[in-house]
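I have placed the structure first, in the form of structure tokens, so that the comments after it can refer back to it.
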């Protein structure tokens, strides 16, 4: 088809696709799913982190965490806006999230159980997200690419602050703080690796997404890169990564690591993680409890508009 | 005497910001819209910053080597000096916004007065805080009007919130010995002036919001002198846990 | 190895009683009828007593000089060994009663088995606790039946409670290494036996209560080995405040 | 009237009036009000104390407090039962409490702000209550008199435990614990004195109640007795009673004490105390939230009865 060939030519020439451009239906649908999933992740991702705002151990850490969660909610906003350029409304996307139809990053189905988890999320979870997002700054869809650029700037800052919190605990901390950080990485390491998705062999839609340049690297590529980047950082912290098979491979110039528990991976995606039910019911409750508020604001906006027209008339 | 009074005053201002930031933070991730998760986080973040400034000053004045963090994390409820208003449970979102509005209207008027304080450190902190609190007040005023003059239900909820919180508005407008001392020293404005400004702005806003100002009645007091409600103890148990469980750790 | 396993086991039993007593206590003064304020206080009181016995034993076995109070008030969440079931929020009164029932059915069967423990101290504690827990089980069984086979609304609430809590019932019935070690040593009964007794009693009760047993599905785990839900940290912050804020004080 | 004279003769002969006996309507009404007010006090009184169960500083103190609150709820039960013998139902009495019509002891409108308050309530509040209740063991109405006998036994135990908790804090405690106890008595002393009601001069219905022997001593008599008994106990604890006018009066063989703030007294009775709204709304919420539970139990009881008759038929 001529449209499709022209479209693919633009992609290959690294010319951005913008909202008004023709695009294959599959491209549009895939992007809506991918962008909204990312947006939902920012929204739901507030919960495990906000869980420690009231208990942050210093005023400074409380401020840092408030700023981080605020940023992430903001990222959610950019992403919903980007998705809306593809012909879907935020309310529709939220309805999919609340009904359980739409997915969000599984990592947020794990509980934050101690203060080190807050730093750990910054270091590992944001770190893994960045690994995925940096290449997407070059993705083919203009609004998504620009949202990624804005987000990546802030995300690196968050990662550094998370790592800094762990440096404080691991290198300048008490024995209990070190234990807390070790307990934390014991729980978060494998779920962080799972953030990169199934192995390439199991990954169904990758080829088309890569051709459309809305996926830039394969799951396994990013996962390997993440491990190679992160292991030295863990060594610096003096934390032991909970993988007995982790080993430097001189030949490949990277780390060999153990097999992910794919059973746990699929269970969590299927809704059986420790926090799936709680996360979703918290978001649904916030939405339902807030109906009167949104209705109130809309009613007032209408009244104001009516008064303005009446005054003009 | 003036130094003691100023220390108490700084504690009061810092504790107001701290406890209100705590209460506000409970909403993050649970607000009615994303814009409010952001908006509330922003307000809470500002207030944590102001907490650091006021409690920092209190610690200096006290001269016992206590930092803002020491004061925030190591005092029990009887030593806190916040208004009762800010420690009350959040209630529904309308009650949270109404509380913020009633507080902002006082906070803004007070900070304006404090920028002219005879005590330089107070004037400086007030200058910084005033920018942020002007924004807080504009925001909460808008929301009270929109929700008061919104739907029947939003109106009902805002009226209920106003009725519920009204008995807690007297405390911030009533001058006590500490306020007397500081007004006499030109360090803080007379609360009469603040009360007049608060009353005018609140009346104007409620009018636009089609809300009915509650009749005069009994006002609850005690927070400014450390006699709190049963709520504060729980707020502190949660807030202070890590520092109390891991004394000597730095974070 | 057996001593370590027994210490873990005693912590588990003590922590179950402690955390469940905490959750139950939240209802005192707020229950649906006076008889329940009394009934729940009674159950909580029994469980605090059992906490003292089990944590006392754990402290002895651990040999670090920690008393039951030290263990209750000075461990952070990762060191607690209670089931996830007992730390969940109370929900409505139906969910509280359903939780109690599902726990009592296990607790009773387990304690019966423990009265025959090869370890004398365990058998003695179990003997004392069994009297109280037999009463707890009779009470919660009755309530589940009455509310399940009550009104449409009480039935609906009990079914919802059962569906909500069911994924947390697997943990107490699933033997892990600690359980293996103690069963092999004749100190604790094999959980298979307990599970069979639990299943039978629960099925019989649900039948009389006209409640539908949920289908088999994923079971949540982690509490027994210190990986809890996000709820436990808040429970402990509240519970431990005074001891952490006033270390060295006796009460 | 012959009935009234016979009734009054029995009263004066200290013969108990029982439910089936004739009694003046005023006697019945006054007793219903007095007994139900006492019952309501036990119920509402759970709240300030239950407020510290989850935060009790040791397992032993937690157990003691649970037992105390349980006892008090039990006292409420006895008293509702005693009131029901006078021809009113518990539900009717609760409806009066929840509507704000019926009163309960004002002392429970004050907040419990630190752990010493728990001991203070045992020592001062139960102490004041006992002062009132001990004579009532001899009151003229049988069921009320017998309820008082049961209650007094347990109440003295509670008072001793409360005092014991304060001995621990004041005589064997840290400086902070002593401060905590002093702060506590500063807040509870005057409200405890207010428990004895208005001064005799202001006390409207006393004369008739005393003639009927449902009030044995005057307000001021009991208040004086309480002060005389309590001041040495406070001295023993090393606590300073917040009354600059407190002074031993050798001539009267008792303490002179300052004037009660009657304005505060009447404000709290009128609903303006620190916790009035909260206490009432907590009780109303418990009742309303529990409607389905009570209905469920009743429905089941009916079903059981029907099945039994059906089986018997």
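By written order: A, B, C and D. Residues from 1 in each chain.
Assume a residue touches a chain if its C-beta (ideal position, glycine included) is under 8 Å from a C-beta of that chain, and two chains touch if they have at least 3 such contacts.
Keep in mind the model is a prediction, meaning the values are calculated, not measured.
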Joint neighbours of chain D and chain B, given as chain labels: C
Just give me the whole-number Å value for how far the CA centre of chain A lies from that of chain C. 37
Please work out the Cα centroid separation of chain A and chain D, and write it as a whole number of Å. 58
Going through chain A residue by residue, note those that touch at least 2 other chains and give them in order. 55
Would you please write down the residue numbers of chain C that are in contact with two or more other chains? 76, 233, 237-238, 241
Pick one for the touching-chains graph, please: line, ring, star, complete, other. other
Going by the touch rule stated at the top, which chains touch which? A-B, A-C, B-C, B-D, C-D
Contacts from chain B onto chain C in the complex sit at residues 76, 233-234, 236-238, 240-241, 244-245
Give every residue of chain A touching chain B within the complex, in rising order. 43, 46-47, 50, 53-63, 66-67, 69-70, 73-74, 76-77, 80, 115, 165, 168-169, 172-174, 176-177, 282, 285-287, 289-301, 303
What residues of chain A sit close enough to touch chain C in their complex? 48, 51, 55, 111-114, 180, 183, 187, 267, 272, 274-275, 278
Parts of chain B lying in touch with chain D, wherever the complex brings them together: 76-78, 217-218, 220, 222, 227-230, 233, 237
Chain D partner, complex, touching residues on chain C are 18, 21-22, 25-26, 28-38, 41-42, 44-45, 48-49, 51-52, 55, 68-69, 72-73, 92-94, 145-147, 149-151, 153-155, 157, 238-239, 241-243, 246, 248-251
